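Take a look at the following structure, please.
Order of writing sets the labels: A, B, C and D. Residues in every chain begin at 1.
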Amino acid sequence: MKLEIQAALEYFFPMPSDVLLQLEAAIIPEQTVESAHIAISPTDHFARVQGHDTIGERIWLRVQGQLSVDYTATVEINRLCGDISALSAVPPHLLPGETVEYLLPSRYCPSDQLLNFAEAQFGGTAGGARVAAICDWIKTHFAYMPGASNAATGALETFVMRQGVCRDFAHVMITLVRASAIPARFVSVYAPHVEPQDFHAVAEVFLGGVWHLVDATGMATSEEMAKIGVGRDAADTSFLTSYGQSQLNRQAVTVRSV
Amino acid sequence: MKLEIQAALEYFFPMPSDVLLQLEAAIIPEQTVESAHIAISPTDHFARVQGHDTIGERIWLRVQGQLSVDYTATVEINRLCGDISALSAVPPHLLPGETVEYLLPSRYCPSDQLLNFAEAQFGGTAGGARVAAICDWIKTHFAYMPGASNAATGALETFVMRQGVCRDFAHVMITLVRASAIPARFVSVYAPHVEPQDFHAVAEVFLGGVWHLVDATGMATSEEMAKIGVGRDAADTSFLTSYGQSQLNRQAVTVRSV
Amino acid sequence: MKLEIQAALEYFFPMPSDVLLQLEAAIIPEQTVESAHIAISPTDHFARVQGHDTIGERIWLRVQGQLSVDYTATVEINRLCGDISALSAVPPHLLPGETVEYLLPSRYCPSDQLLNFAEAQFGGTAGGARVAAICDWIKTHFAYMPGASNAATGALETFVMRQGVCRDFAHVMITLVRASAIPARFVSVYAPHVEPQDFHAVAEVFLGGVWHLVDATGMATSEEMAKIGVGRDAADTSFLTSYGQSQLNRQAVTVRSV
Amino acid sequence: MKLEIQAALEYFFPMPSDVLLQLEAAIIPEQTVESAHIAISPTDHFARVQGHDTIGERIWLRVQGQLSVDYTATVEINRLCGDISALSAVPPHLLPGETVEYLLPSRYCPSDQLLNFAEAQFGGTAGGARVAAICDWIKTHFAYMPGASNAATGALETFVMRQGVCRDFAHVMITLVRASAIPARFVSVYAPHVEPQDFHAVAEVFLGGVWHLVDATGMATSEEMAKIGVGRDAADTSFLTSYGQSQLNRQAVTVRSV
């Protein structure tokens, strides 16, 4: 599967501001970035640093006034995808050290609070079957509702309110998977069938010793997502974080499978 | 400064449980572990993995029934300590990639919620002077009160309640420093003058390109702390995390400077 | 059904403090207080005021040092009790004005946050059948767990954690009933089969134009509860609220059915 | 001071809905409603019930489709206003029973959480001087920022975020006054100099045995407010609460002093 990606951002910064961007498809074995181009309006500073867990890159900018970012890329997805429900979880005591952070609670995924619920609701299942049961449960019980949540909304609020957007669905998914003693992380992606077209976010779970993408909104499948970056939750994978006031003037994302 | 450390834990696990331990002084340049011994009662599994950010080690155990852990060590602290208030912050756009996670909100340190307060209260200061002002403000406005908080308490609850223990003081410190666009992380340590004697927790801030320990409780100074591990907040540095029911029977920590 | 009630409190107030007591069985038509005696150690001030919604009485005290309260009473319960599941709800637009406050969110019962859940989970039922379904759901999904909650715990935390004590069960019950557009209030009571023996708390719901007691813990039935006071939630019905530091030295409650 | 008030609402209800309105100036001694007219588009049901604490009236409607409400009134304000800072608080143990509910925590005003802060920040003051100090502190430390809060925002979130609208300012005011053991309630009002013109909300505090209006936003003075209703917080005084989906199409308020 090949994806053609276009993303455009326009922001205005009234004061000199430090800005952290992360919106380029990551260069990792499971996807081949065949071509990519990023055009950023003049800034006072531009530096690339590694993304979280060394997946993808972030760009530090120093900018005042108008900022426009245009990104285009063609990405071939080589990811092997299969039915996760038959996979086993790695018992925690055999987990590699670098997966441990994804087992622990984070800003938007306080998994320590949902241990009882996870056990009561999904206690009869384990491993991939449990992840699949959690995903089905979210699809059945949560409404996709733009505007119902905001940047401060975490998984517990979403668990209570039963509505949100892709970010919120991923947060609840990650929280319940971690509460099941299975590592789970947040992945920002490009995917073609997201409605309305925008940056997309999904969960990734560690089963059988490998990470597997899972979209609790049902809008994207694993073989058609181009990964941008990973993290513990949305706090780590925002496409733009600014230190100082900012105003968003335009944001447009188009992803086509070709 | 040399520290003699003794720590003893006794737990009971009614069911087979995965247990993650992190209580050994880390082997890092700023402290020399002259001798160390850890004795753990028989377990079904024992594996060492790296700690967060490759500082220190965690131990995965598989255990049922009684677990006793006895740790003794002698650690020479070589850390260079000075007055942090004269140090400059690294502007965000010049920060190394591996410090970025400590700039972002985490489970117990949702720094995105205290941006306005940090700017209003400490806006006239920058860099080390700002960190010092935050530390002084916490010392003045918060009461050290064992029992006033629990494992679920985060920095915002502590900010509202104005009381807590070392963990809570460190969380508020970290949250306000991150809200000031300076990386800050949580460090679990051994320190000799902690009252009552126990595991201790402090903040570490990134100033002048180097990490500096800061204890908002005022109980420990930088030159007399032996680091165990670091993380975004207490979620990453617990001395014992168990998957499954557990019962704490004994916990004793003694730290002497010799 | 007749109840013999004994309650004893001993507190210590290091400074002169205002104290609000509410622990006497209310004198209301549905229960006959055949005899009652309250003995309070000497205080600087003693005044009775009406309880919330004019049910029962509160006592204002001004006290320093030791406070002991001994209350004994014999109460005959005349309450008509039946199966609530066949009762109809009063449509909101026909509700009497004085029930409206029990339809609205309160400190521990933020019913505005559980509207979606209530509709999704209990949408097929109405009126008393809905109240019964909510009560059954709580009995099935929540664990009675002393120590799992504290004075700050509200219904949403309990909804997430799935555990608590009578107060928490009543809060979840009330929140879900209000989210179903049926008035619900919190009632502090004496009841004989509460384990361990203590003050007890239940919900009261407005069905068919009358208030009906419902105990989601299953420990007490409507015909064997002596009401103390009502309110929107636990904030309104505490047996002792003090302005100033206090120390609880003894609390003993005994209720026998005779 | 005489006020000319105009308020117009247009809503759409896709399904038959129960609607609770409260937007008429209350008929109470401190203000004379010289003339008033309310025009409501045809509804299936219309019933008046008393407002909270018997101040003002609420209207229950049953409506499907379009709802338009037009209200005009001329109100003469007779309220005696003076400097509150010289007034004494009534000691809690002397408070009348009907004021007790305004001393207790509520949905948006969890005063039990700010006791330490209130004592630390305002401990040197008492009574009216304390209320004035709280009001000044809010004016100095909080930014009036439409859009920064929503219907779920309570006083603690506002205390942390340091920004909000009139409703949020009133919630913080009430919470800190209650945490100072002085009754405080929420009042919805019409006032002429509110920018932008809209329904307005302020606090009312019980000093010297009488209720006194206080506007922490500084936009309205006591002698130029027409009271609509009172309650523990915004939950009790919403101008429109609907049970069922609703869509707001128009809301216009004009208040002129003549």
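Just so it is clear, a residue touches a chain if its C-beta (ideal position, glycine included) is under 8 Å from a C-beta of that chain, and two chains touch if they have at least 3 such contacts.
This one's a predicted model, so the numbers in the text were calculated from it and none came from an experiment.
The fewest steps needed to get from subunit A to subunit C, moving only between touching chains, is 1.
The rotation relating subunit A to subunit B, fitted on Cα atoms, amounts to 180°, rounded to the nearest 5. Averaged Cα coordinates give subunit A a centre that lies 28 Å from the centre of subunit B.
Centroid to centroid, with C-alpha atoms defining each point, subunit B and subunit D lie 45 Å apart. Centroid to centroid, with C-alpha atoms defining each point, subunit B and subunit C lie 42 Å apart. Counting partners per residue, subunit B has 113 as the residues that reach two or more other chains. Of all possible chain pairings, those that touch are A-B, A-C, B-D, C-D. Subunit C makes touch with subunit D in their complex at residues 18-20, 45, 47, 49-52, 58, 60-62, 91-98, 100-101, 104-107, 109-110, 112-113, 151-152, 181, 231-232, 235-236, 241, 243. The touching residues of subunit C, when paired with subunit A in their complex, are 113-114, 116-117, 120, 141, 143, 156, 159-163.
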